[in-house]
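Both complexes shown next keep chain A, but they swap its partner, so chain B is in the first and chain C is in the second.
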Partner chain A sequence: MPLLKIFSLTQRFGGLQALSDFSFQMEEHELVGLIGPNGAGKTTVFNIVSGFYKPTEGSVVFDRKQINGLKPHQITALGMARTFQNIRLWNNLTVMDNLRLAGYAWLGYNFWSAILRTKRYWQAEKDIDNHAREILEIMELTDYAEEFPKNLPYGLQRRVELARALVSKPRLLLLDEPAAGLNSADVDDLIRHIRWIHDKFKLSIWMIEHQMKVVTALCQRLTVIDFGCIIATGTPEEIQNNPSVIKAYLGDETL
Partner chain B sequence: MEFFLQQCVNALQWGSFYALIALGYTLVYGVLRLINFAHGDVFMVGAYLAFFVSTGLLAPEGMFGFSREIVLILTIPLTMILTSMVGVTLERVAYRPLMRKGAHRLYVVITALMCGLILENGNLALLGASRRTLPTLLDKTVYNIGGIAVTNLKLLVVFTAVLVFFALYFIVTRTRMGMAMRAVSWDRFALPLMGIPLEQVVVFTFALGSSIAGLGGLLFAMSYPVLDPYMGAMTGWKAFIAAVVGGIGDVRGAFVGGFLLAFVEIMVAAFLPSTFRDLFAFSVLLFILWQRPTGIFGKPLTTKI
Partner chain C sequence: MIRLQGYTINILMGIAAVTLVGLAHADMLDGYTLQIIMLIGINCVFATSLNLVNGYMGEFSCGHGGFMCVGAYVGSLLSVMFFGDSKLFGTALFPPDLAPFLFPLVLLGAMFAAALAGLIVALPSFKTRDDYLAIITIAANYIIISIIENIDAIGGPRGFSGMTKTVNAMRDFIDLPWMLIWTLIGVFVCVMVIRRLMTSTYGKGISAICQNEVAAEMMGVNTNRVKIMAFMVSSGLGGLSGALYAHVYGYVNAQTFGLLKSTEGLVMVYLGGMGSISGVLMAAIAFTLLVEVLRFVLPWLNTALHSINLLPSSYQVDQIWTWVFIPLMLILLMHRRPEGLLGNRELTDIFPSLKRWFTLK
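And now, the complex of A and B:
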């Protein structure tokens, strides 16, 4: 049984067909990539899967449950987390608080136990704290726990966002261009971290990425879309030599 | 000197009302970047609800047989709960549908202004223009401290305002709900992905702000027991300005701004002709904003080029 199964997704925004008949599936513990030129509809796929958009047609099944139509926080609670193309950290909270807040996702929040500060509440707080510290250590961020994200260099902000997504204990992690704007040393760190969390937490990762270096180093297979349609699937090597992919990226030779 | 100290005590009481209302403005603004102009009228509704709850509990003599102290103790939570329901209803009925449809914030602010007018005129239509008088819930005791008269009611008002401030500050800085409120104010898109529904945070914010306004309404009605439908309008405006001067979005700012405005008002009225009061008060606030456009506790804005 695949972890994620997408049946012929179609998304229209007014007259614009952003996605047509997109089908896809991924197994437990897979690490796969989604690539395509700008405006091809990659982020639209992620926005549908994570519940931000309701698809015009089609359905998404995650862990045997149909999730299209659920709200984003409900989907997170089922074990899916994501990062964003442009970093969306809470800059007015410390790194540690950013992570703590993400702990809600697997713990839930009981209003009354928080007001009354019951024993269960304190236990839960402690669990979240420990878990967050563990993630910080894995991501080599412990030194920055009390910093505000806006004061960190860009590469570290990306890493904090990845750490925050991990705190919600996802089984599937969606990464939207995790290497965007990183220098080459940061990219090497990122590849190392993604590989490490993929092995350590046994989770499945689906990423949108433009940098071939990242994709070839990490992804077992790739899906390529252009103008909302799948144009190719295969291993990174196959994709690099696929004529229709080259055409989509570089244009037709006959000008 | 005694006269001055006496005025200080009065300013503390008057400032408590401003602070209690300003906190509601600042909370909603802090979370939604929305100026809830109906908030002053929520304060008025709170005062009326306090009136109905307390007279309801007192009136049928033999029915409940509560003493006035018990009635006061029951009126406080009931007023707060009922007023918070009014605030949450406003958000549900008026603001949320607009925001869900992606309306620009300006339209929501105008809607808030309209909701305030609806509350005022709804009250006028339902209850008529005659003023109401809150029954006496607290027997007046005057303490004389070095020639300064302090009533137990004044102490209660100031003590409550300080208590509310610390409770709120604790909620915003130390609890997960407070953390979520701050997170929404920064980036609401990331929030649901962390497993918290946005609506829950917004409803909590409105409930919190309105219940404080309800508490303020009750204490105001106990201090100046004559109620009329427009009592929240001017007080609300002033409290809003106090929140802006303090630095809107910041809980400390609302508190400090409220007391600052009250001190200027009371001192001007005490030492100058009382017709100068609002002119002086607002000139002082204008001067502060001129120096610090984002308010006393607001962070200076810089635009990156």
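And now, the complex of A and C:
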């Protein structure tokens, strides 16, 4: 049974067809990529899968549950987390708080516990704190625990966002251009981290990425979309030599 | 050695509160001073509760007076129903000796009703934000006041009174400055609720919504639920300030809780710093004192300006000028220091040595 199964997804924004008949599936513990030229509809796919958009047609099944129609926070609670193309951290909360908050879905106490400081409150806060610290250590961010994300360099902000996504205990991680804007040293770190968390947490990872270096180093297979349609699937090597992919990226030679 | 850290502020506040009550009990504070102290307490509750929405959640609520109004009226009605004889409810439900014990019920009822009224703003906030939500809050303020003003059974535009009887019943039971005690308890409960909420991961969901709502929703925060919670807690505590107000003054009128009252709350929050409990508390104290000081300064200014013939004798500087000076202060503040006195920091962030004694974060 695949972990994620997408049936002929179609998304229209007014007259614009952002996605047409997109079908896809991925197994547990796979690491796959989604690539395509600018405006091809990659982020739209992620936005639908994570519940931010309601698809015009089609359905998304995650872990045997149909999830299109659920709210984003419900999908997160089912075990899916994502990062964003443009970093969306909570800049006036510390790195540690950013991470702790990602445990919101499994916090397990309510308003009255927080006010009355019940046993359950202390236990939940302790659990979440331990878990967040563990992730912080794995992602080599311990030194920045009490910093505000806005004061960190860009590469670290990306890493904090990745760490935050991990704290929600996902089974599927969606990474939207995790290497965008990183220098080559940061990119090497990123590749190392992603590989590490993929093995350590037995995660499934689906990523949008432009840098071939990242994609070839990490992804077992790729899906290429252009103008909202799948134009090719295969291993990174196959994709690099696929004529229709070259055409989509570089244009038609015979023009 | 007993570890005092974390309790020091509670102990100090406890001593201060007991001293105040003692002074009031020994008639060493005159009625006017006592009233100012209670008004400071009421304003502290009013401002810190507004701060939850305007400071921590980053929405602009300018209708907080409406929730105070609901609290004031529901508190008054419960109070009269329990301990007063009126045409509306007939004879008192409970003997006057129970007043000190059942008064918390009056306050809780007022808070509950005001929290429900908060839904008028909470539900539209799912889809509406910023300026548009601000307009909704103004509308909510007007709706609440108009409704209450048009129910003739509770006095309509004439206002509602009779709460003094409850206060007297408490005093007859044990001779203590009861309203001062309840006000101090109210401030304590309000600050404690907000502090505990905002230091818990659960409550930090409010800050997350303020800073990036999309990320909050995507990372598992049920944003709609958190918004309902924040608005209901804020308006419920606003209602508490209303119920206290009603019993301190013994008379309520819907017009008291109009936009001007809401503006007072905004002045206190923006003066103190959005998202800072200690800042807003200091601002509430400073603001209340300033209004009282102006009450004396303005007549003095009037005489002074007339004596040097700067003003025509036909014009008098009267109390209306309070509401020239205070908005002027707000203009200067927004111009010079838009984040308020403390911004979103607490006193302990500015003077880290205070952390040895207390933390608000």
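By definition in this document, the second predicted complex is superposed on the first by the 253 of 255 C-alpha atoms of A that agree within 3 Å, B and C clash if a C-alpha of one lies under 4 Å from a C-alpha of the other, contacts with A are read in each partner's own complex, and residues count from 1 in each chain.
Methods note: a contact is a pair of C-beta atoms (placed from the backbone, for glycine too) under 8 Å apart; a residue touches a chain by one contact, two chains touch by 3 or more.
Small disclaimer: the values here were computed from a predicted structure and weren't measured.
Asks: Should chain B and chain C be called a clash or a fit once both complexes are overlaid on chain A?
Replies: Verdict on chain A: clash between chain B and chain C.
Asks: State whether A:246 touches chain B only (first), chain C only (second), both chains, or neither.
Replies: Neither: A:246 stays clear of chain B and chain C.
Asks: Look at A:168 in the shared chain and tell me whether it touches chain B only, chain C only, both, or neither; answer first, second, both or neither.
Replies: A:168: touches chain B and chain C.
Asks: When the two structures are overlaid on chain A, which partner does A:72 contact: first (chain B), second (chain C), both, or neither?
Replies: both
Asks: Check the residue A:187 against both partner chains and state whether it touches chain B (first), chain C (second), both, or neither.
Replies: Neither chain B nor chain C is touched by A:187.
Asks: Please indicate which partner A:101 is in contact with in the superposed arrangement: first for chain B, second for chain C, both, or neither.
Replies: both
Asks: Given the superposition on chain A, which partner contacts more residues in chain A: chain B or chain C?
Replies: When the residues of chain A touched by each partner are counted, C comes out ahead.
Asks: After lining up the shared chain so the two structures overlap, which partner does A:61 touch, if you call chain B first and chain C second: first, second, both or neither?
Replies: Touch status of A:61: no partner.
Asks: Between chain B and chain C, whom does A:84 touch in the aligned arrangement: first, second, both, or neither?
Replies: both
Asks: Indicate the residue numbers of chain A shared between its chain B interface and its chain C interface, in ascending order.
Replies: Residues 50, 52, 71-73, 76-77, 81-82, 84, 88-93, 97, 100-102, 104-106, 109, 111, 114, 164-165, 168, which sit in both footprints.
Asks: Which residues, counting only chain B, touch chain A once they are in their complex?
Replies: 175-177, 179-180, 182-183, 185-187, 189-198
Asks: For chain C, which residues are in contact with chain A within the complex?
Replies: These residues of chain C touch chain A: 193, 196-197, 200-205, 207-208, 211-212, 214-223, 229, 233, 344.
Asks: Under the definition above, what is the set of chain A residues touching chain B in their complex?
Replies: 50-52, 71-73, 76-77, 81-82, 84, 88-93, 97, 100-102, 104-106, 108-109, 111, 114, 164-165, 168
Asks: Contact residues on chain A for chain C in the complex?
Replies: Interface residues on the chain A side: 50, 52, 71-73, 76-77, 81-82, 84, 88-93, 97, 100-107, 109-111, 113-115, 117, 121, 124-125, 128, 164-165, 168.
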